Amino acid sequence: MAHDRIRVAVVGASGYSGIEAVRILAAHPFVEISALTSEHYAGREVADVYHHMDGTDLPPFEELRPGFLAGRADAVISCLPEKVGFQMIADLIQSGVKVVDVSADFRLKDPAVHRATYGFDHAGPALVKEAVYGLTEFHRSELREARLVANPGCYPTGALLGLIPLIRRDLIEPGSIVVDAKSGTTGARRAAAIEYLFAEVNENFRAYKVGTHRHTPEIEQEIGAVLGREIAVVFVPHLLPVTRGILSTMYMRPRAGTTQEDVRSAFEASFAKARFVKLLKPGELPELRNVRATNFCEIAFVLDRRTQTLVVNTAIDNLGKGAAGQAIQNLNVMFGFDEAAGLLNAAPVP
Amino acid sequence: MAHDRIRVAVVGASGYSGIEAVRILAAHPFVEISALTSEHYAGREVADVYHHMDGTDLPPFEELRPGFLAGRADAVISCLPEKVGFQMIADLIQSGVKVVDVSADFRLKDPAVHRATYGFDHAGPALVKEAVYGLTEFHRSELREARLVANPGCYPTGALLGLIPLIRRDLIEPGSIVVDAKSGTTGARRAAAIEYLFAEVNENFRAYKVGTHRHTPEIEQEIGAVLGREIAVVFVPHLLPVTRGILSTMYMRPRAGTTQEDVRSAFEASFAKARFVKLLKPGELPELRNVRATNFCEIAFVLDRRTQTLVVNTAIDNLGKGAAGQAIQNLNVMFGFDEAAGLLNAAPVP
Amino acid sequence: MAHDRIRVAVVGASGYSGIEAVRILAAHPFVEISALTSEHYAGREVADVYHHMDGTDLPPFEELRPGFLAGRADAVISCLPEKVGFQMIADLIQSGVKVVDVSADFRLKDPAVHRATYGFDHAGPALVKEAVYGLTEFHRSELREARLVANPGCYPTGALLGLIPLIRRDLIEPGSIVVDAKSGTTGARRAAAIEYLFAEVNENFRAYKVGTHRHTPEIEQEIGAVLGREIAVVFVPHLLPVTRGILSTMYMRPRAGTTQEDVRSAFEASFAKARFVKLLKPGELPELRNVRATNFCEIAFVLDRRTQTLVVNTAIDNLGKGAAGQAIQNLNVMFGFDEAAGLLNAAPVP
Amino acid sequence: MAHDRIRVAVVGASGYSGIEAVRILAAHPFVEISALTSEHYAGREVADVYHHMDGTDLPPFEELRPGFLAGRADAVISCLPEKVGFQMIADLIQSGVKVVDVSADFRLKDPAVHRATYGFDHAGPALVKEAVYGLTEFHRSELREARLVANPGCYPTGALLGLIPLIRRDLIEPGSIVVDAKSGTTGARRAAAIEYLFAEVNENFRAYKVGTHRHTPEIEQEIGAVLGREIAVVFVPHLLPVTRGILSTMYMRPRAGTTQEDVRSAFEASFAKARFVKLLKPGELPELRNVRATNFCEIAFVLDRRTQTLVVNTAIDNLGKGAAGQAIQNLNVMFGFDEAAGLLNAAPVP
């Protein structure tokens, strides 16, 4: 099916998520990149900063001034940090531009939880309410009508893809969930910080923010929404010495009587139409490299009778399905394109 | 206190654990390295194979022939693979030589569990019975009298140091333990194998042997021994793209009423005399780099009231406290030396 | 321009170059992958071995038996090791199938040099003579007519792209060339070998085969061919702890009077039609990451008046422009396709 | 020989060189660490910032105020950046404290070169004149009497150890030297900077400052001093994705008639008394891992008749022999200790 190209602007385009969105969009068959903004690099050509984009016809990085995007874009992918992009997004929605926000600004529905988690009151509760949580596989029909998409956090994406199918079928005890997640360093912003220097991360590994990471309420909200009640989840992130990727190892108690077949069937049902979720065969396990620089998610599970524990593993690229890739997948759904348009490349392995 | 130097031989000295033992012993104040064996490199000088040992006075790698060690060593550290070293060790013990075996041959007390785990019947049940499990911090008095020490596995060392103090005080529900462990690649033998090639491990991360790793029964045996009954533990190892180190993140349900102070006090009591276990302050978390190339173990815990979960983190070097370091710590105890002799260097950070 | 798809077989498809060729071909608009062979994995589906290819419609790995490819392919990319593939290739050419050979079998024109370098007499001197050296940028017109292409080595590709333009214009003293090259580990075959284990390569760096690497005569042959006489080049390779990429830093004496503009103009002239060679601006320098998983080559130079030295830097992906990428670029030229078909993706950065 | 311990202060002790000096000094038999300063961490215990130093008895990080060190140290190792430490060092020398300065402040003897290189006039030309260039192997006798030592740069250390022996014997053409050096990231200060983030360095490699690096005049000064005339050297540094280590590959034209034996003999003569320089056997090549976390330098050479080129390779740890290690080696010489005191540990390999 042929489409006219839509004009897409990427705001905050020089960070890790932003430039990944640019890379994907530059090869997207139905998109024209119409504007790019960057606080750091305003006024410079993209290829002067990011040589890997040389050879692609792109607008330069510009400053994000009020009204800057007026009339220049049908859709905007915002990769600005929390709080910074809110007013711009409100204005864009007002003027009829569709927005996918990669920040956490529109993810948490409960104002109290938002305030407790991010430290400020959200300025636009109505917009938060309207925003569709963009975990594509579970919100396709709302996404088709959405004006504003809250793109999920990287950790929640990895966790929820492995959990929601089981919650939907009531195969596990929701109060027993432990998410042990390990992420590459691009999960943190591209900002100067000693703790993310090569010499601090290389040959090192550690947990951080044990039980207090901001993505915890997001995971709990989405599981709770399926479950119809509040739920608490143990979530412990770790910092891997790799550039991209999140592997989540999740532990939970199956309901009495839950079988291997029940679990497999739950995943198959949830992902029957999913183009990016790969349920592995018994005996196979997800690896980061298989999903690197892609929008894919690998899932496997082991039902351990001996300990009455279900172990679920998911692997995603935190910049792919965990950020820019899923943002573009959502864009595809919002505009009625093939959901996989521009997103079907295989990972470069090794 | 001055000691005459004892003569120590390292068998299987050219593998990762073996050469690490050589490196430590070469600077040990009470040890003379009297013989080294290597199947691969028999006949060659150590420094010709391992240039980092150049400048140290060492015997060459030799072939391990029967009777080879007769009269040449007061103690032997065996780094041979499972099963291969059994007869040699039996003979050594017979002839009055003390042995620390880094393989798994003498760890599992129950013959049925040994057979189920390693696939063969152990040839020397009496020796297995006699062997002291060398998790030094918990077996010091037996180690002082031991002729044969079963040096713990790397994963069990990381797990048990964080669990046994809590089991001893009955602070947790033993059936709730989940051990999510992440290891560097030297946890595998130094043998040609495609899956451990740089290009296969680098920029990658994955779980493996979910629920079926051979170290599971070893962890369960030692917890069970403290508990006085059988126990099943969920154990999932992962392969990190680092050379050395194991970080274990462990999840468990505290007994009703267990407080932060209870947990801290349990660790402090177990490790009051421990020279190598560092209980971190609240808010601090273990990192692999802090223990790299050392015999230290860092431990921290978070008691998460919200989810009623106790999270315990330990970091060790799999070749240090997880293998060669602990072997030499045990040797020190067996011979009445300062337990920390030769083992107190700080990690090279970064 | 629309084309019927040609049928392409990849022989030796499970090694690093082979599977990279499969990855690129799977997204190629004018190619249908008609057969794949692998000694190791014969009988298995590609996606069972290489999960990143799951979701792509591919033939299984099969055994390479005589006659196996008869009638099944219009072109073959052979990724077999030296000597192994010779007879198969001769037969294919005989039967009208076009071949790009990624091994070194057909690169060295002088039988004595071939024998001295690879240790055996080449069985098919006529075929060697016919084979076109596939450094695409310099052999386009011959490639259009070629039946057999000797795909260049990875190191020679990186070196020659930076040297030939200067030799052509006689801007440097040919006898002064030093090539200091640094390669990722996939330059070596995907075979079990202790020296390429993660723990041996990680956090390490070393030169190897100083002055004796097999790619030296290949570099010298191609420079000599342009120059019209024999030439000796200093070539020193190094092993980088990265998976992909070759950075070549080359030193040479400029002819008296050679200016910056002369050098730039020489590169611009040689690469006027080159789609994959990026001559950087003054002040910019090549980086491996900009060309990773692509067929691109970045080139920069510094003319240092103070030392009368011209320094030329090139960066390629050893599996891309250094192997599978260039093989497919050559295939495109041989079949009259757009030379860049299937090869224009931007590197995933970071 | 027994010594009273001298009191040593480390200024700028929380950077990469500083904390490495602390680590080495903490195990030094003749040193007591009497004071530590850090701008960032003043007021904090060392072990609170650097957990790997926990268990060692150390003074806290303090602010460097004027007069701070009065009466508190017999010697100071200054790891402050260029220019910042000058006045403090002048005052210390004045008051009889011996100083090893790890910065470049006292290295360049020619004021014009200093100004051209570092952008400011040096405030103390007399002190610069007095300072002994601390490449220990070549300045031992002056170091014994020195009050102030200019500790060499990391790159110059790696280069000069491989070059000066050859210059001394007049075995090479001095104008032909090319130094292609590759360094780990701790060659840069421990400061927040995007270009040294893990995601920017990992899986990447690049040259930088081609022909313009500040260490070039330092290399040229020291070669020139041996030679008795000015000399220009080609120096190109590269950034390796490793934490520690510099491998220098150096190319030069041998004088007519120079033999392998001449070269070997030159190195043997220069390093006859050297405890830290290891001249490898023919066929062996230096590797970063063999010198990591040590004060050692590995050297090898290949005399390539075919191209009339001598290739010299050296490997050092940029924080060891390239900074803190050599500073302490110099301290040992200045105070009449065994030159190797505290510095003889073997590298942890792997």
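Letters are used for the chains, namely A, B, C and D, taken in the order the chains are written, and counting of residues starts over at 1 for each.
One rule holds in what follows: contacts are C-beta pairs under 8 Å (C-beta built on N, C-alpha and C of every residue); 3 or more make two chains touch, one makes a residue touch a chain.
Note that the structure is a prediction, hence the values are computed from the model and not measured.
Looking at A-C alongside B-C, one finds more C-beta pairs in contact between the chains of A-C.
Distance between Cα centroids is largest for the pairing of chain B with C.
Remark: chain C and chain D have CA centroids separated by 40 Å (rounded to whole angstrom). Chain A and chain C, compared by their mean Cα positions, are separated by 37 Å.
Separating the centre of chain B from that of chain C, both taken as means of CA atoms, is a distance of 46 Å. Residue positions of chain B touching 2 or more other chains, listed in rising order: 16, 186, 199-200, 202-203, 241-244, 287, 289, 292, 350. Interface residues of chain D, counted against chain B in their complex, comprise 16, 19-20, 23, 26-27, 48, 50-56, 186, 202-203, 243-244, 278, 280-281, 284, 287, 289-294, 296, 298, 344-350. Note for the complex: chain B touches chain A at residues 178, 180, 182, 199-200, 202-208, 210-211, 232-234, 236, 238, 240-245, 247, 249, 251, 285-289, 292, 302, 304, 306-307, 309, 311, 313, 315, 350.
By the touch rule above, chain D contacts chain A in their complex via residues 16, 184-186, 190-194, 196-203, 241-243.
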